[in-house]
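Two complexes come next, and they have one chain in common, chain A, joined by chain B in the first and chain C in the second.
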Partner chain A sequence: MQSQTLRHRIYLFILVAPAFVVLFGVVIYPFFYNIVLSLSNMNLRHIRDWRIIGFGQYIKVFTEPSQPDFYVVFLKTVIWTVVNLFFHVVLGVFLALVLNQKEIRGKAIFRAILVLPWAVPQLIVALTWRGMFNYEYGSINLMLTQWFNIPGVQWLRHPLEAFIAVIITNVWLGFPFMMVIALGALQSIPHDLYEASDIDGASWYHKLRHITLPLIRPVMVPAITLGTIWTFNNLNIVWLVSNAGEPSDQTHLLVSFVYKAAFNFYRYGYGAALSMVIFFILLVFSLTFMRKSKATQNVYS
Partner chain B sequence: MNARTALRIAVAFLSVTLAVVAVTTLDSCGTGRDHRVRLTIWHQDRIDIRVILQRQLDRFMQLHPEVRVEQLFKETEELRSGFIIAALAGQGPEIVYGPADQVGPFEIMKIILPLEEVFPKDWLAQFDPRGLTWYKGHLYQVADKLGNHLTLVYNKKLVPVPPRTDEELIRIGKTLTADLNGDGKTDRYGLTWNYTEPFFFIPFMTGFGGWIMDDAGNPTLNSRGTVDGLKFIKRLRDEEKIIPNEADYNVADILFKDGNAGMIVNGDWSWAGYQKAGLDIGVAPLPLITSTGLWCAPMVSPKGFSLNANISEEKKAWALELIRFLMSAENQMESARELYTMPTHMQVQQSDFVQQNDILRNSRIQIDRGRSLPVVPELRAIWDAMRPSYQAVLAGTMTPERAAEEMQLLALRRIKEMNE
Partner chain C sequence: MVRRKNTTTLRITASYVVLMVFSLVALYPVWQIFNISLRPSDRLLSTSLELIPANASFGNYSALFTERPFLLWMLNSTFIALTVTLTGVALASTCGYAFSRYSFIGKKIGLLSLLVTQMFPATMLLLPMYIMLVQLHLVNSYLGIVIMYSATALPFCIWQMKGYYDTIPTSLEEAGKIDGCNEFQTFVRIIFPLAAPALVITALFSFMSAWTEYVVAAQILQDTELWTLPLGLKSFESNMGSEWGLYGAASVIVTIPVVVLFLSLSRWLVSGLTLGSVKE
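Entry: the complex of A and B
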């Protein structure tokens, strides 16, 4: 009996081992190495003779005067994440509900068109939108002036407008993911539930509130959590649309701060500490969100 | 499926995984089926240069069948950070190619080799001294191209004779700037360039007597030259109205290609592309600022080869042979003819083609008037410090005087952070 248990354990170990080796190489080792770096003075001048200096880099993250200010960037990152996620989820679920209607013909075509923003490479999307936001030649201002008689907006020259511009770009890019996830969840809801509620005389709103939304929740909560992490850490769109923080370094997110510190100024210790701060912010958010939204609870119980 | 079968499947899966890892590792060590010596060059050159480079590498491999050379394109920042990471880990390409400003950080990190001992003095003497990048008493880069510099590019259909001074520039610019369809909006501008990058501001700064740092590497951004250079650009846009309201590299490039701008301030990398786009272009040196009597001087940088500090002795011999081949007069002439790049080989510089070609002749004048790109790592801090204030001036949210002070303060802070 004991040898059978041992054999079973070896069998399990062999099954898990390849995945563990890969995970160790690409996640566990870099993660702990990053922690070590965050406690070190590694930079351009101490790249080979770096040493552990304690929590000095963390103190610098929170106290060192920076341009723009760390707390301002943090606030902008939170606003960026919340606004983006709001529109991603609302637009995504709305379009999924529309596409899920029996009456709609040519669903596959609409679905393909709506998924297009997701399929185009981010670099192309970002540079195209950047061109569209040009003051004199961009299509956004041409539409505003010619169709709506509204004066053109200097999208990329002023901080607020530039921030709105990058949010618009990312909303356009991000809603298809939520739409596809929500559509999958909607299609898995048993139709009997809607038929039963029809017999009970439930309105469209009641069916949405008491059947649809609770039953898509187990799928949407992990998607929103993932979406939050991706959006919080989205370097590409902000970096490319705003051309690395234009105007005047006013469109940075925390992650572009890390990029600049580590790869422009060779401040590896500081960059590692900043990335650990981002990690803990996202860890706390994810755990809280999953617990509060009862994501792991069985909806059919 | 019983436990024994499952165990067999698991063992088979593990064996396959280990075999894939082993084959990949062996291949990367160069002990796969191909027994040739393998060399890799990382560079950040655009597609037309890559085509010529590949042609030259093919010729080298025909001459030396025992060597296999691969070129790998990486975007500028990716090349720099990727090479640092790879070289610090004892890996990376044998040869890294790029502008001279990467020499500073690479030297401090000890990831490139000094070259003054490995190349004979008489061989080095064949090249323009500006193509040999020395840093802290050692030669770290040998360049086959000189320049990477800005000039005034003009559309000959719109500008028959290029301006020589700032006053002529404004006069011609005003003639060209026009609302062609009468809708109240300007359709064609006299001049354009990329306003977002401070690299394009340097000629205006130098034209008014400014420069970015002193000989000791300390920033000198809070100068009269910076202030007057910024005021001049604002004047071109807001008073003379000969440049567009807003332009990044792509917008400026498209305006010029479409004939909606008569002149553009752009680098040697752009000329061949404009000709391929069907434009009849001329290249002229940037104008003289009459109030100072100084020429607008762009930054000039060689682009060349450095050796990875981790290179093995066997590969080093072949890498040096390859560099000598790529630096040869024939190969430099090939690039000069097709791309209008300024060669570093003196014999090619003195050839009839380089001396008589209109574009290369003016390019040479511009190079001679230009200022060398500093190779110190602090240059990074200077660019980063200039960018926000420069953009703020163009956005109308900061005065040129305050911008110059802010640039200086930020540069000092950034340099302190980098060197702490």
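Entry: the complex of A and C
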């Protein structure tokens, strides 16, 4: 008996150990190293002779008069996340509802086409949309002028227009994820619920409000949490569509702002501190969102 | 009754219109990539909205392989992505199993921290890892990039494998035990084959993310001989310059395998997420 538990322990150790060694080396150790960096003065001038300076870098994150300003970038990131998630969820659920009607033919084909934006690699999505936003030769402006007689927009030269361009790109690539999730949830709703409410003479809106939405909710909540984290942290799209924050660093989100500070300006200590701040914002958000939605879920059931 | 029939017809017609419009919106940018790839060098910057450019040719495709080291980048990407995939599958399939079946010290914290890593902004690991790689002289090497990619993909892969093992009934292991298998044999002979679909998904997920990743590769791989496909592709883009057509052709080649895999797998990719919550 004794030897069996020992053997069991060794077996368990062999199962878990390799992954944990790797995770320790590439996730946990760097995480703590990042904390150390965030408390240090490491930058281009102090690469080897860096030392711990305390919370100076964190204070800099919140108070340094930088161009762009931290609070402006933060606010923009919040707007970016909310606007994107709103369109992702509304379009995704709406298209899933339309596609899920029993009378619709060619479901598989529509589904495949509508999933395309999610399937194309983000790098290619970003660069191709950047081309489409080109002032003279991009197809967006060509359509505006040739079909609707609207003068072309300087999409990538002004901060606001560039911000809108980045959001359009990300809305395009993000709605299919929510659509696929919502479709899966819709298909799991039992049909007799609708039949019963038909007998009761329930209206279309009534069914949506009292059957469909509450029942896809438990699936949508984790998807929305994940989507929020992915959108908040999405470096690819903003970095590549705005070509590293053009015009003149005014199109940054927090992730691209910190990437530029770390890898273009070599402000390692500052970048590490800002990474920690971003991480904490997301952690606090996820915990409260999950808790809140759990609380309201109990009210439903 | 007649009114009811009319509203149904109207609803279905409107639905088709909605689906058509969104299909066009989804397709147009994808078609645009293909369009760019067919443009001859004198039509790169055109103000026409035609769907197939005049004098369309496959010249850009052949130029990629004859005038550019595109084949080399393709081999680099394949090699790196395969290594990452093998590492990911080997580690995630064993560790995920332990998380699903056994209780051990640190299990809860381990699972929680796997989730928490998903909230790290890209720089959170990239910056310290980059400095570590510089100190270990692993910048500009395949080993460096493979370590980075495995690190970022592993938590999600473990989570996914654990989720799948959870759906396999434990009675199978008990049956194995009665038949005289030890723990290791039950895992390898009974559970592992049953988890094949999840293994395939995990493998393809790691492969695709390594195949298309740009931001990390841009920091780690500097020599053009070491470049992966995304780095090569980005070098052609440079603000719709003279290599815009090469960009299009390279994008089509990179995208096709990913899209094919993705369309056949998208149902599975999200099943892990929906599985637990629907059953309640």
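FYI, the second predicted complex is superposed on the first by the 267 of 301 C-alpha atoms of A that agree within 3 Å, B and C clash if a C-alpha of one lies under 4 Å from a C-alpha of the other, contacts with A are read in each partner's own complex, and residues count from 1 in each chain.
Methods note: contacts are C-beta pairs under 8 Å (C-beta built on N, C-alpha and C of every residue); 3 or more make two chains touch, one makes a residue touch a chain.
Keep in mind that what you see is a predicted model, and the values were worked out from it rather than measured.
When both complexes are superposed on chain A, chain B and chain C clash.
In the superposed pair of complexes, A:T228 makes contact with neither chain B nor chain C. Of the two partner chains placed around the shared chain by superposition, chain B is the only one that A:Q154 touches, whereas chain C remains out of contact. In the superposed model, A:T81 lies in contact with neither chain B nor chain C.
After overlaying the two complexes on the shared chain, residue contacts for A:L37 are found with chain C alone; chain B is out of touch.
When both complexes are overlaid on chain A, the residue A:V115 reaches chain C alone and has no touch with chain B.
Once the two complexes are overlaid on the shared chain, A:L127 sits against chain B and chain C alike.
In the superposed model, C is the one of chain B and chain C that contacts more residues of chain A.
By the document's definition of touching, both partners, chain B and chain C, reach A:Y11.
In the superposition on chain A, A:Y137 makes contact with both chain B and chain C.
Judged by the touch definition given at the top, the superposed model places A:S242 against neither chain B nor chain C. Common to the chain B and chain C interfaces on chain A are residues 8, 11, 14-15, 18, 127, 130-131, 134, 136-137, 243, 263. Taken in their complex, chain C has these residues touching chain A: 8, 11-12, 15-16, 18-19, 22-23, 25-30, 32-33, 36, 45-49, 87, 90-92, 94-95, 97-98, 102, 104, 110, 113, 116-132, 147-148, 150-151, 154-155, 158, 183-184, 211-212, 214-215, 219, 230, 233-234, 237, 239-240, 244, 247, 251, 254-255, 258-259, 262-263, 266-267, 270-271, 273-274, 277-278, 280. If you check the complex, the residues on chain A that touch chain B are 7-8, 11, 14-15, 17-18, 21, 41, 43-45, 47-48, 65, 67, 127, 130-131, 134-137, 154, 156-158, 243-250, 260, 263-267, 270. Listing the residues of chain A that touch chain C in their complex gives 8, 11-12, 14-16, 18-20, 22-23, 26-28, 30-31, 33-34, 37, 42, 91, 95, 98-99, 101, 103-104, 110, 112-125, 127-132, 134, 136-137, 139, 142-143, 146, 172, 176-177, 180-181, 184-185, 188, 218-219, 222-223, 226, 229, 233, 235-236, 239-240, 243, 254-255, 258-259, 262-263, 268, 271-272, 274-276, 278-279, 282-283, 286. Considering their complex, residues 3, 6-7, 10-11, 13-14, 17, 77, 80-81, 84, 88, 105, 108-110, 185-186, 196, 244-246, 248, 250-251, 377, 380-381, 384, 387-389, 391-392, 394-395, 397, 410, 413-414, 417-420 of chain B touch chain A.
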